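Input: one structure, supplied below.
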């Protein structure tokens, strides 16, 4: 089912892709980048189609979108802001996919980690920034990590399908934090469910006012670079790549596949927790119910698009940040609901999924 | 009278010419052998006849009329049936459902079970074999399953039956039963094509034989007028030199010992029922047995990949509770049975494959990091020492030939000079040169003092290499002997479950 | 805990089981041809959406139902083509359908009805309820079994239909064959792709029906996140039942019962709403874990 063992067709395509990478890295990077752009273009066309069919002005909508995401210094800052949580969730998805694990649980980790960070922020009000911020991130990361670690253990030791469990547990996490914010931690006297504010010391510095872009962006980039290092140059990286390529072989080589799966799920959850912490400490300064809008699924889309490369995930997150940050303005000025972005994402996934096989499809015709 | 006539058949796959202008014809009502080594092109040729492949060139005639076989359906409609090496049976379906698969007699929209079973029962009764038609096929023995496959062909009124290595998974007694069925079918006028690489069987029931070698026809002979040696030399293209390997001169201490080992297979059925044996340094112990009697599970258990009761000792150390990594650290190495699935990561290159068992040790690893340059250097030196033909250490392993792939695995496992080497079917599917290379490496390891357990289905190989021979049947060691003190027949009987008086 | 409470819980459980059961049957059929259908959630959402929208558009709930099945079947066709012809990864394509469903339904809800989050059309009738003649007069049992919406009975009927199809018709045999041994099916001349398409499309129709039951089966209301993971709960039921219709149906009923129990807990006690709501999801995770634990236990070597 959701085994790490790829189907032979996918392996063929991987072989082709890797041969290219090894033989001519520059050409390979250009080709991959080109593919990403092409997919985005197709998605934009699809989106335009949907808009036109529903009587909206697609050109105007896209203009509004790109202007408010790229058109000024503040716009660019907002784009980076929107891309911050995506970097975390796409890395979480990428490291999971690369090891053959479908970890969709970063949404839950995001909520739990965000709440944990908020709790640290409004509880330890005496601590200075240099202590409370790392503490908040640490706690958020741990909470998020453990949240995904549990389904990871179930998958690793009992072969319980992690896709289903992480999705179900996402609902649990969202409900639980909803309970917390509506119950014991509710700030009295406000319409929306939210907690009290975190201390001033716990707030991440803004990088480019009036945008809400904050230091969590830097942390996200750092996390990305660390992921690159892990995947390419560490023992865990070797283990998780081998597990994703061929878990049977990995086992016969003496590597504990269950341990790898558990670690990978933990890291995925940790990144989700950090994403939540970044949103809370950098943008909202408190925990607000429903502050995530499908960030985990978007992260997955990105990971699939860039074929699990952490470096590619950072870049693609920026592109998706463009779409997200522009969508609010697009909605206001062109009357196009921002859910269109979700439609674009779905189109991207469809095409990314087919792209692997189009090449193989052509080869198949010559066979026989 | 020529019934099947394949003329000038050629078929190429990327990198290999599997069939090269082959002329293959079979007389009606005979059992005709298609003989050759692994990779000679036998399966390809028959798959063309059965419609799985289309030939690049050539024509096929049945009973004098030219035919074009575009898919297996066409072949079946023409009366051609094939029993593959891997049975084409759907596990949860019953015997009857499997036999009628694709041709179910139906009443309105549901299956007319009575009609289905009546016809099948007729066929089944003909050969005096009793089978419960309503039993799910997964519950049958291998021999019974093969029988179901044959009935399937008869149900579809096959006049031409192709059997691909049918005896590979049978006990000698089941083989006798199969042969009597085939002879009965032949006497009814059906034409049988028998793909094999076992000379003894060719002599036993086939009247003519076509020998393929490297994609070409090496000869077509009357079996009665040809000796086994002559058949063999046609197969390999030269006089067979029985390569004699010397027995070990220096057998040392016990390096591997199993005591009262019990284990279940994947279905929860006992597969190992109390295994006791030992392997000493400086000896090769060969393990003979028909596939499916516990050999795979035994290798799993030694590698720590299957729960088991009993004790396993590496030297004097009890490793029964130790994970595979620990066992490898203590001197165990395994050449696994399934090269591509268990032995290699096909998605990556040679250097990443050879460090799979040592990436966490220096010089490949420092602190957390793994150093690719060291891996490449190591891979290059192995490629040199073992003559692995590839462009470089960064060549993708999937582009290598089977023989070279096996060399990568062998190199990786032998590089640390392991105390104990388990070699599971290490020469399966390899050409003669590659097989010889692997065997010489096993001998070398033995002569350097290592203990080698060789699991193999090839009696020639076992008799040639083993200092001591064990026979496994139904999860137990049923016999032990030096090769020179026993015969193929004795071993065969033990493999089939006969015990000595 | 009176007899009335028990029978009312069982009655409500049957109602709530219906969308799970229909979706689970869809998942079951897909599973039998070895194509794991992750898109159930999204297909149900499309079905729920279409039933309300088309029902309101044509003023006829039955037409809405029909079009709901049609829409989700069409989306399934897209899914099927991408997976079967283009050999795309099954999981990825399924998730794409789910994401597409969330985005497109929310988008269209705003564009068509200027409604964000929820939409309940005026005057649209929900599907009719049926009183079973004869049974409805039996005490207790009658209260539990009679008076359900029409799709409730249909869903249990479908269990029999699916079982019959799988075990007694050539199509069903072919499906099981394709799912268990692809090569054997090919050499037997079974049109594999056609069988896979049929399996997926049948599943699509059932999933659409499941969604429609949610939106027009009881009330007439569509909300953005009304499926709420039920597609995955249905999938878990398929795992529970090992893709066997009867066992899967039992799994669905168990999960449905927990959905009702948590709701009763909310109203009967002062526990904040969200905590009982977590229950069904947690139960499913526990059940899945339990199943695999049991499987493992059977494999352990027993001392003799």
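Each chain gets a letter, A, B and C, in the order it is written, and its residues are counted from 1.
FYI, a residue touches a chain if its C-beta (ideal position, glycine included) is under 8 Å from a C-beta of that chain, and two chains touch if they have at least 3 such contacts.
These numbers come from a predicted model, not from an experiment.
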If you tally the C-beta contacts for A-B and for A-C, which one comes out higher?
A-C
Using only Cα atoms to place each chain's centre, name the chain farthest from subunit A.
B
Between subunit B and subunit C, what is the separation of their C-alpha centroids in Å?
45
Compute the distance, rounded to whole Å, between the mean C-alpha positions of subunit A and subunit B.
46
Give, as an integer number of Å, the spacing between the C-alpha centres of subunit C and subunit A.
29
Contacting residues of subunit C [partner subunit B, same complex]
164, 168-171, 173-174, 176-177, 180-181, 183-190, 298-301, 303-304
Within the complex, which stretch of subunit C touches subunit A?
36, 38, 82, 85-89, 91-93, 95-97, 99-100, 102-104, 106-108, 110-112, 116, 228-229, 232-233, 235-236, 239, 272-275, 277-278, 281-282, 284-285, 288-289, 292-293, 296
Okay, in this complex, where on subunit B does subunit C touch?
52, 72-73, 76, 82, 84, 86-93, 97-98, 101-104, 106, 109-111, 262-264, 266, 268, 307-309
Subunit B-facing residues of subunit A, complex:
6, 11, 14-15, 18-19, 22, 233-238, 241-242, 245-246, 248-256, 368
Residue numbers on subunit B that touch subunit A, as the complex places them
53-54, 303, 305, 323-325, 327-328, 334, 336, 341-349, 352, 355-357, 359-360, 365, 368-372, 394, 396, 398-399
